[in-house]
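Here chain A shows up in two complexes: once beside chain B, once beside chain C.
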Partner chain A sequence: MRELYEQLKRLFPLGEYTEQRRDLAFVTVPKDHLRPLLIHLRDRERFTHLVLLTAVDWLEEGRFQLTYLMNDRAGKRDLGLRVLLPREQATMEGIHDLWPTAATYQRELREMFGIDFPGSPRVNEEFILEGWTGMPPYRRDFDTKKFSEENFNHRPGRATTDPAKHMKEKLYPDEA
Partner chain B sequence: MKDELKKRLVKGPDGVEFEVDPLRDYYCDARPQVEPPAVSKIVEDFFNWARSESLWILGFATGCGAIEMRPLMTPRFDAYRFGVQWRPTPRQSNLFIISGYLSTKTLKRVIRSYEQMQSPKYVMGLGSCTINGGMYWDSYNTIKRLDDYLPVDVYVAGCMPRPESLLAGFEELKRIIREGKGEGANKYAAQFDRYKANQKQVIHDWDMPDYNW
Partner chain C sequence: MALYEPDRSQYPVKKPDGTLDIDLSSGKYLKLWQGPQHPGITGNMSLELTVCGDEVVDCQTHVGYLHRGFEKLMERRTYIQCFPIVCRICVPEPDFNEYCYAAAVEELSGIKSPRRADWIRTLILEMGRINSYMMYLGGQAGSLGMGVIGQWTTYVRDLMLDRFEELTGARIYHMFILPGGVRDGLPEGFEKRMEETLREIESTMKDVYEAMFCNAVFKKRAIGLGYIDPTLIDPYGVTGPTARAAGVAKDVRKDFPYLVYPELDFEPVTGKDSDAFTRADVRRRDVLLSIDLIRQILDKMPHDGPLMAKIPNVLHWKVPRGETYIRAECSRGEYGYYLVSDGSGYPRRVNVRGPSYTHAVALLERLIINVNIADVAGLMVSLHTYPPEIER
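Presenting the complex of A and B:
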């Protein structure tokens, strides 16, 4: 994987390189160079299969990370491309014309993270959630517990107890 | 509203055009009625005995409980020997097993299927998710108490309950029905407004008639 990275680095301005295993590595790519790099990988380096497209919310850094995981079936290796976007008004160019399956991932990311992919097929339609109007639920500043308490009736009686403290109070009431 | 629910002109096979309003024409939206018991107690008891011996389950599974149905219906546990069988359509079944967590999206389909089942009908909540949300207690899209939305006759606790617990649940349900307490459908009809209010509170895009069968 290291040789591939060195080769690619001569052609594209690549960022950080992380090798997870001998057959799995991740590379950071500037937003504008993603598409030429994907086309190069697909047509020249045999990375013909898009395994997945997913996102990570780096809330503290104010960024979204998109991960495009590519698979080279003949060479039995995977390469992940990381693209970092600003968190506010996150927009990314779609790759549904390279792999039609990407449109589904892009719809999911639009709904669950609020990352826009202008021009992607049916991207603004509901995908999994129905009638959702609030903040996209996979964002890390979305408080699912608070949302659940406000929107659903909970059965009373559920209480949590720290096991160590509870047993101490129960077994050694004098010390507690 | 979805396109398929809007009023539209349809051309029949005989070439006649007619207007279809899916929300009015495809469903009966009359409110459910409370069914009075049979006149004599001995007849009602006989009915209840017969009902308890033919629990027909709607083949609708939510969450991970679906996986417990396969050993239950196949020779190892063989629920058929208890008069329990699975049916493919709500019209033929009278027991609805909610087999695990229920997302608000699935709840909508569950309500529609439940309302299409014929009275008397029973609901069994399977697993801790239906009781208090279980491990999804802080999830943004699963309901926490099934009995707010449907009249539940019996809960089977566990995560997930083994097929043995389900068999015990069937025996418990049979006992409840024989005692004449399996009145879920009547309870649903009597407290229809409360159930609908609870359902509409969590289903934000309500695009179906209030009662459809």
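Presenting the complex of A and C:
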């Protein structure tokens, strides 16, 4: 994988490189160079299969990380491309014309993280959530506990325990 | 008044931007919803069909009837608390979730599961695959009008659930493969009872072959239905039996061997014609392959040795910062977990890559055009889609 990285680095301004396994590596790519890099990987390096496209919310750093995981079946290797976007007004160019399935991922990211992909098919339509107007729920600052307390009632007669305390008492009584 | 005969060579007309010009008020088209409450839909999903006569001209898929937010729930749970919920993402085949999650946590934590646990994990994954295929065969036959096949396959699936129950203590959600290893070894006499179950499945598969695959009605309806051109395999992210039926021997067990698959002797099952019939046939032969693999596993597996690696105190289990992707071949295609850790005791992000995510949305919307309404269910089942993987 390192050879491939060195080779790509001569063509594209790549950032941090992490080799996770012999057949899996992640590399950070500037936003504007993602598309040419994907086309290069697909047409020249046989990374023809888009395994997944997802986002990670690094709230503390004020950034979203988009991960494009590419697979080269013949070469038995995977390359994950990380693109870092500012959290505010996050927008990214779509790749649905390269892989039609990407449109579904982009629609989900628009709804769950609020990352916009202008021009992607049906990107502003509801995908999973119906009538959702609040903060996109997969963002880290979305408070799941507050949401459930506001929207659901407690079942009467049901005892709740603090999971950490309960597990400590059950599993490690000496520590409690 | 003469019956309305649609002339599909004339309409719908494509607009310059590529979209179809469908004027519902013209009387030429009809909107038809198939699902979410419909026997011809796999799981909780709906298809918004636009039909012209009895042919589909446009389709939009709708999901969201079963969203449980697993990926978000896991961000608020410790690594060990996530282990019992991951299996609930997928009913027919929960074990792939357990394996992929466990393997991802192990990889980031630098833990290696014991050899014997790997053999038991492989056994469970193959048992789960047979279960899932049994549900599929019943669904595929039922969607094309043969209800009885589903009763036979449900019977043998139930026998396999009995084996699961004695091995793991549970029938559907086993919660057996946990980060570090597996919960227990094989019970006494398991091999013998498993062999009896496998023979019963083989006998049923023979009946299924004769009643379903040699049946003129099934052949007439399934041959040529939902043809996937091999050039679509990569752009549409097609994996598993659906890709193998198109002659592309994509099988994670061979391409990216995991667990003890390198020690097992097998060749991925492939087909040529890439239609609903070939896909059904590939899956039928895959059942026979799984039976063979289970026999090999029971024959070769070690009977003593540890089942769990040493894992940290689960209350203080902090996984080093990093990210990884673990994949496995489930009955529908490539199943994978993308796990990101920020170094704390909680996952930063877990993303589940289910094969239906690509098969049931983009691919289905493309294949369904020009299909007769009566064949929509048969086509959808032939992709072996499972909506909860789409919305997790």
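As a convention for this text, the second predicted complex is superposed on the first by the 155 of 176 C-alpha atoms of A that agree within 3 Å, B and C clash if a C-alpha of one lies under 4 Å from a C-alpha of the other, contacts with A are read in each partner's own complex, and residues count from 1 in each chain.
We take it that contacts are C-beta pairs under 8 Å (C-beta built on N, C-alpha and C of every residue); 3 or more make two chains touch, one makes a residue touch a chain.
No experiment lies behind these values; they were computed from the predicted model shown.
Of the two partner chains, chain B and chain C are each touched by A:Pro137. Of the two partner chains, neither chain B nor chain C is touched by A:Ile39.
Of the two partner chains, chain C is the only one that A:Val51 touches; chain B does not reach it.
In the overlay built on the shared chain, the residue A:Leu11 is in contact with neither chain B nor chain C.
By the touch criterion stated above, A:Asn153 is placed in contact with chain B alone, chain C being left untouched.
Counting the residues of chain A touched by each of chain B and chain C gives the higher count for C.
By the document's definition of touching, both partners, chain B and chain C, reach A:Leu129. Residue overlap on chain A between its contacts with chain B in one complex and with chain C in the other: 128-130, 137, 142, 144-145. Interface of chain C with chain A (complex): residues 60, 63-64, 67, 69, 71-73, 75-78, 81, 107, 234-237, 239, 250, 255-256, 313-315, 322-325, 327, 334, 336, 338, 340, 348-349, 351, 353, 357-358, 361-363, 366, 390-391.
The residues of chain A lying in touch with chain B in their complex are 128-133, 137, 142, 144-145, 147-149, 151-155, 157-158. Those residues of chain A lying in contact with chain C across their complex are 18, 20-21, 23-24, 26, 48-52, 54-57, 67, 69, 73, 76, 78, 80, 98-101, 103-105, 122, 126-130, 137-138, 140, 142, 144-145, 163-164, 167-168, 171-172, 175. Residue ranges on chain B touching chain A, taken from their complex, read 104-105, 108, 131-133, 137-145, 148, 198, 201-205.
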